Amino acid sequence: MHVTIDQAEKAIAAARRKAVELGTQMCIAVVDSGGVLKAFHRMDDAWVGSIDISMKKARTAVFFGMPTGEIGKLSQPGGPLYGIEHSNDGLITFPGGLPIVDKEGVMIGAIGVSGSAVENDHAVALAGVATLGVGELPAHPWRT
Amino acid sequence: MHVTIDQAEKAIAAARRKAVELGTQMCIAVVDSGGVLKAFHRMDDAWVGSIDISMKKARTAVFFGMPTGEIGKLSQPGGPLYGIEHSNDGLITFPGGLPIVDKEGVMIGAIGVSGSAVENDHAVALAGVATLGVGELPAHPWRT
Amino acid sequence: MHVTIDQAEKAIAAARRKAVELGTQMCIAVVDSGGVLKAFHRMDDAWVGSIDISMKKARTAVFFGMPTGEIGKLSQPGGPLYGIEHSNDGLITFPGGLPIVDKEGVMIGAIGVSGSAVENDHAVALAGVATLGVGELPAHPWRT
Amino acid sequence: MHVTIDQAEKAIAAARRKAVELGTQMCIAVVDSGGVLKAFHRMDDAWVGSIDISMKKARTAVFFGMPTGEIGKLSQPGGPLYGIEHSNDGLITFPGGLPIVDKEGVMIGAIGVSGSAVENDHAVALAGVATLGVGELPAHPWRT
């Protein structure tokens, strides 16, 4: 089950409203449940370097079905997933990427946000997700 | 001078209306005047392989300030630009990519469309460009 | 809707039987409906260069919902899709890749075969597809 | 000396049985003694991000003839191999990759497993290796 373009637009619009409210300029990417890009917006004056980061955050979140920041806790030096960022053409494991889980508990895609402090990135991603469902999965295995 | 996110959204919305009118499912990418992604929409049921093609068409159009199909005429075997597709991490030189040139003759970006026959791709790109200006540049050098 | 691992194994087993019957050594890849690898077998003594080709054939078939050889007819010099191989990190547009379309007309994935003459590659791919459905799609848009 | 496709299938089948026993969904890759992919299975509902990780674990194990977790101990900040993950298009140095060493002490390939906690990944890899030999090499230099 994949996020539709109408859903992706709705999530991005809500994320952009939140970004404006926070006084930030964000790149916002939505991927489907296979990690493939569905929609992307770069707000005016957003960092150019955030384009790729927002996409990688969205992909990372859907690749492992969890918020990117959770993976980052496990990938620190000495942690069980140290170095996981080297896989999949580059993962981003700090906050700002969230799975999109619909009302039936199905992961339909993910959103990735980059352009400010990670707390803001996370808040903007959460505002996008909230229009479609939640950003936390039930226990693995989930359905897609 | 770069296309704004509001302009990009306007162009994509017009392109999508044209795609629906033609009964097609398109990937639509807008890049700024430096060739960097500004916005992207993948319509439901569009070919997954068209994501990259739409982006490469948009980049190709802005890289050389001309419709992608014009470059394709020059890159055939025996032509002066034979093999140019190998540059810039891959160009796409068949129709569907158009520069976006505003009322002042400034190239503010480009649009790339993929998902159907190239005639349809071109028509959808043109519908997007028409909301912001024209798809043909005045003689080089242009301004960006 | 994605091909399951049991379906992928069944298709690969049938493809391998056909490869043995033809006296060939093949690489056989199965991807899901998003183009993501599901299963892969390299028969003993198969060309090492066929690993990537088999995967690219499978991805190409699912990316555009058609047999790879059909795309190759359109991508010849002077054709409407000349140079499309430069997209998506490299497409392979000669025969040997087929969509897998189930009894309900849903494209659940694709199979790609490389290791011999393209006629043999195609025949082996077809043997794999036949265990699960057919290799030709109804008119676009299809369902995945 | 390379792992055969029959051996690879046997190892993957055993690994999958172990994965089911542990209630996990795994990606399982087998490479030959040159690090080139021989066979791959993605179990249903396995993380999409684990495809690449399982392959990189298998390659990492054969590249250096040791369990991936052993390399990870050496690649921590301050360690002698800090940053080795940047080589070879990306290594994965946490547990889940094991060399496959046959009864004669020859490294015939490696297996890489990803999809759960690293302890489970390692256990599933070990179950695969055990069908063909052991996962530890005699002292370097080994024979391939």
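Note that the chains take the letters A, B, C and D in the order they are written out, and that residue 1 is the start of every chain.
The working rule: a contact is a pair of C-beta atoms (placed from the backbone, for glycine too) under 8 Å apart; a residue touches a chain by one contact, two chains touch by 3 or more.
The chain list, named the UniProt way, goes like this: A, B, C, D = Heme-binding protein.
Please read all numbers here as calculations on a predicted model, not as lab measurements.
**Q** Going only through chains that touch each other, how many steps at minimum separate chain B (Heme-binding protein) from chain D (Heme-binding protein)?
**A** Steps on the shortest route: 2.
**Q** If you tally the C-beta contacts for C-D and for A-C, which one comes out higher?
**A** C-D
**Q** Averaged over CA atoms, how far is the centre of chain C (Heme-binding protein) from the centre of chain D (Heme-binding protein)? Could you give it in whole Å?
**A** Comparing mean C-alpha positions, chain D (Heme-binding protein) is 27 Å from chain C (Heme-binding protein).
**Q** Starting from the mean Cα coordinates of chain A (Heme-binding protein) and chain C (Heme-binding protein), work out the distance between those two points in Å.
**A** Going by mean C-alpha positions, chain A (Heme-binding protein) sits 32 Å from chain C (Heme-binding protein).
**Q** By the touch rule stated above, which residues of chain D (Heme-binding protein) touch at least two different other chains?
**A** Residues 48 of chain D (Heme-binding protein) touch two or more partner chains.
**Q** Using the definition of touching given at the top, classify the network of chains in this structure as line, ring, star, complete or other.
**A** Contact map by chain: other.
**Q** Under the touch definition given earlier, write down the residues of chain A (Heme-binding protein) that touch chain D (Heme-binding protein) in their complex.
**A** 34-35, 59-60, 62-65, 77-78, 80-84, 86-89, 91, 140-144
**Q** Residues of chain B (Heme-binding protein) touching chain C (Heme-binding protein) in their complex?
**A** For this pair, the touching residues of chain B (Heme-binding protein) are 25, 45, 47-50, 52-53, 56, 72, 75-77, 85-86, 90-95, 117-118.
**Q** Residue numbers of chain C (Heme-binding protein) touching chain A (Heme-binding protein) in their complex, please.
**A** 32, 34-36
**Q** Report the residues of chain A (Heme-binding protein) in contact with chain B (Heme-binding protein) in the complex, numbered from low to high.
**A** 4-5, 8-9, 36-44, 48, 51
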